Amino acid sequence: MANLKIAFAPQVEPSAVPATAPFAMVNYGCRITHRESAFAMSTLTAVVDDLVAANRILAGLGVLDGFGHVSVRHPDRADCYLLARSLAPELVTRDDIMTFDMASAPQNRDTRTPYLERFIHGEVFAQRPDVISVVHSHAATVVPFAASSVPLKPIYHMSSFLRTGAPVFEIREKFGMTDMLIRNNAQGAALAEKLGDNSAVLMRGHGYCTVGGSIPEAVFRAYYAQLNADLQQRAVALGGTVTYLEDEEARRYDETNRSVIGRPWGLWKAKFAPKD
Amino acid sequence: MANLKIAFAPQVEPSAVPATAPFAMVNYGCRITHRESAFAMSTLTAVVDDLVAANRILAGLGVLDGFGHVSVRHPDRADCYLLARSLAPELVTRDDIMTFDMASAPQNRDTRTPYLERFIHGEVFAQRPDVISVVHSHAATVVPFAASSVPLKPIYHMSSFLRTGAPVFEIREKFGMTDMLIRNNAQGAALAEKLGDNSAVLMRGHGYCTVGGSIPEAVFRAYYAQLNADLQQRAVALGGTVTYLEDEEARRYDETNRSVIGRPWGLWKAKFAPKD
Amino acid sequence: MANLKIAFAPQVEPSAVPATAPFAMVNYGCRITHRESAFAMSTLTAVVDDLVAANRILAGLGVLDGFGHVSVRHPDRADCYLLARSLAPELVTRDDIMTFDMASAPQNRDTRTPYLERFIHGEVFAQRPDVISVVHSHAATVVPFAASSVPLKPIYHMSSFLRTGAPVFEIREKFGMTDMLIRNNAQGAALAEKLGDNSAVLMRGHGYCTVGGSIPEAVFRAYYAQLNADLQQRAVALGGTVTYLEDEEARRYDETNRSVIGRPWGLWKAKFAPKD
Amino acid sequence: MANLKIAFAPQVEPSAVPATAPFAMVNYGCRITHRESAFAMSTLTAVVDDLVAANRILAGLGVLDGFGHVSVRHPDRADCYLLARSLAPELVTRDDIMTFDMASAPQNRDTRTPYLERFIHGEVFAQRPDVISVVHSHAATVVPFAASSVPLKPIYHMSSFLRTGAPVFEIREKFGMTDMLIRNNAQGAALAEKLGDNSAVLMRGHGYCTVGGSIPEAVFRAYYAQLNADLQQRAVALGGTVTYLEDEEARRYDETNRSVIGRPWGLWKAKFAPKD
């Protein structure tokens, strides 16, 4: 999975990234992140640092509270992923990161308590080889859309990734009465199927997930999904007609976003990532 | 009341807690709290520390402002409870904790000014032997539901404890014109009756109370009751149909919650509890 | 005006304050304020300290931003009042406090730039001898009620002071086209007349004012007026019927509030007042 | 362009500014800014300091997040403007400021990555010689109005600058399918035309821009445009009739505002500008 190493290589100048660069060549585009240099530390180390940063960023932005989690595909083992042990994201450090295989079994004889819902991550990684990172959240503005018949739609370019829709996963369809959690691979697989090729999936009575071709992209989508929910709610409440993004507009911006996503990511790391 | 000591014993590993463990065996499940070790300090000391933490947490989370309070049943004397003297929760320290009997009379010849509404706590503890902790709040999102004909209902798993409903206490029914406060045992008893076997009770023109089988559980419910109110409000405003949790879904999650409540509690203590 | 000195005497124990105490005997009821002791500094010094604290508190609570102001009647000269020079409340220090007479003319040959709208304060103090402190604010939740045909009403006990209503001042009625500001004594007098015997007055296209029998009371009312506006808005948006406080309930709580107002005031001073 | 130097001269006393002073004579009116003295540093240095402050202020107030930008006309070269390199506003320092000509080409052989949307600034400066500063934002409360058929209108004096309206720019009209960004001079010119003589323009599916006769004025308008959007939304949701400012009221306040704008600006600089 050599291209994943490229994904986190920090020394490509933003201006050198072609507008059509695949996600795997996305560079965060911020000088602040230059300590991730491949010369200074291994790719795995850099990825773990970014995963810890993602935990703190999502907590700092209010996307996650005591619950929710963010994962990344293992940079050296495409059949594994990295995820914190069961812990509030705001408290996660390097030492809390565990490795899981695609069946969400802990690797390296790690006996620490994992998140009950790690199967979300394993099954999405298994079904979506293009996905490098997954966020699961209960953010306050999205839960109403997960409970409502009104669909979430992109109201501005920042949420262009919603252009294909954010389908609502109804756990009762296949599993009847549950405690609402994704507790095993069958439930994770059903959720991943509902996600399909989209960038986000809502979960009725629960929350939502976003996926991305990099940690910054999954985090960006988790943040702007919940912001879009608030904006759409406000637009609906105004009582007039609302114009959403056209599919083609959103598709074009989604490409553009790859060249500018380093800007918020650089800011968020500077504000929320642990200072060594 | 020996089982209460177990309730606060911190050294049981979360993974060792059976899914059906009664509240009294709930362990906070967070390594951060290991200074509460029974070996390091007495149970009463640990409970008072948690009560102080609960005051600071509820203020830090915006559930309480200058008003409102949180209590805990006395760990050694089931006929008594602990509650701060009349003081804003954000300022409460160990030295501010007073002991009251079930009639809400101060013990130990304590002459400090108590909260006018301590009778809420005394009567709930008297009528509900399963309750270990009580929170009373005026949180902004809940007061509208206490004044509205629209009932508060669980919109996601985090507020599963609302599954049996949050009845609205109308003080005029038994007491006519009052200053809205629960100022004596008769008013406290009427409120406790309205609470019944539920986990929350709304108070018309005033606020609400949540109860729990531990301090973390009562705090968790106070926090998520006000969050659910905001989410439900948003869902209603979208104008579509809204799907609430089924009773069985909520009942199942309520059990699950006992094994994960240590996660937000650990975070909240780390953020808001006084550093010794 | 000897009774005003009593108003700020800090050493009366809260428990010693009878429920029917007139505002002038209100003691802040918080040990944190004991440095205001009449033995340690003069009444004027204590009042100025409280006025500075009120500026910082209102900014800290988000009731005031760069605009708005708070005044207090002069403790030794009933025909004068104290108000900061033209400066954002969050930046006000002791040295910024100016003295004005009832016509809002600066005293002591003070040539610093005063607030354009100081006439609000002068005219309210002139028409309402019971008023000791006045707050003028543009707080976000209240401006909509000042522009709407929907009246602001008390939804819970904390805003009992709204029981007699918060009339809307329409500056066009007497003054036609203006820049919306209260720029002279005639405009101030018309606003004070609209206030009448109420505790709050809304100003169409502008903001609102609250008055109180002490600095803490005026600040408390400014804070809870804007909180009530948010709560009422939420209750209305739920779409059901809304029950407001009965006049007698509100009247009774208003009296109770005098004995507990020291609790939020103590908290707010501890959080926002300048540390010497 | 000598009058621009006057625009930033800090030593004119606010009281000396006539009510009819043109924008170029506006003094910030706050002693806090006296380190900008023309005696202590050159005009360009002072302008760059204010531009950096504007970046931090807009981020600190939540008007900008990782995206958005603020520019100022060059004080010595009316055919140029100053704007940060592509960077989150909260991170901008003096060294990040670039110079562009009216065609938005970087000057001084500066090869750093510029904002993709710098053409907004170049074209507005070209078409509006009275404009000294431009802000572009995606603030959450305004985007709904940019997507809705409901027009943004001034609900109180602070947003008087909206009196002539905030037209909505529909990029599809001239450019069909785009990525929604203003990526070239033709798109910038169309946006500037839609802005016309107004102080704000909304951008469908994107955000908005405000302009001003000084940095503080453009920042003030960016802040109060998004606050007005929230207030108007709340007023609409109340369901009654809403009274907006009359044109003449707004026109008069707009003039007044020139003499008081130094107050929030002084506060914002004190809170958010970098300490040297």
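Every chain is named by a letter (A, B, C and D) in the order it is written, and numbering of its residues begins at 1.
Rule of thumb we're sticking to: a contact is a pair of C-beta atoms (placed from the backbone, for glycine too) under 8 Å apart; a residue touches a chain by one contact, two chains touch by 3 or more.
The shown structure was predicted, so the numbers you read here are calculated from the model rather than taken from an experiment.
S.K.: At the place where copies chain A and chain D touch, is the share of residue numbers found on both sides over half (same) or under half (different)?
M.R.: Looking at both copies, the contact residues mostly diverge.
S.K.: For the two copies chain A and chain B, what rotation in degrees overlays their C-alpha atoms? Round to the nearest 5.
M.R.: When the C-alpha atoms are superposed, chain A turns by 90 degrees onto chain B.
S.K.: Can you compute the centre-to-centre distance for chain C and chain D, using the mean CA position of each chain? Integer Å is fine.
M.R.: That pair's centroid distance is 33 Å.
S.K.: What is the distance, in whole Å, between the centres of chain B and chain D, each centre taken as the mean of its C-alpha atoms?
M.R.: 47
S.K.: Multi-chain contacts in chain B: which residues touch at least two other chains?
M.R.: 237
S.K.: What graph shape do the protein chains here make by touch: line, ring, star, complete or other?
M.R.: ring
S.K.: In the complex formed with chain B, which residues of chain C make contact?
M.R.: 14-15, 29-30, 32, 155-158, 227, 230-232, 234-235, 237-246, 248-249, 252-253, 255-256, 260, 263-268, 270-271
S.K.: Which residues of chain D touch chain A in their complex?
M.R.: Against chain A, the touching part of chain D is residues 65-67, 86-88, 90-91, 113, 116, 138, 140-141, 143-150, 172, 177-181, 204-207, 233, 236-237.
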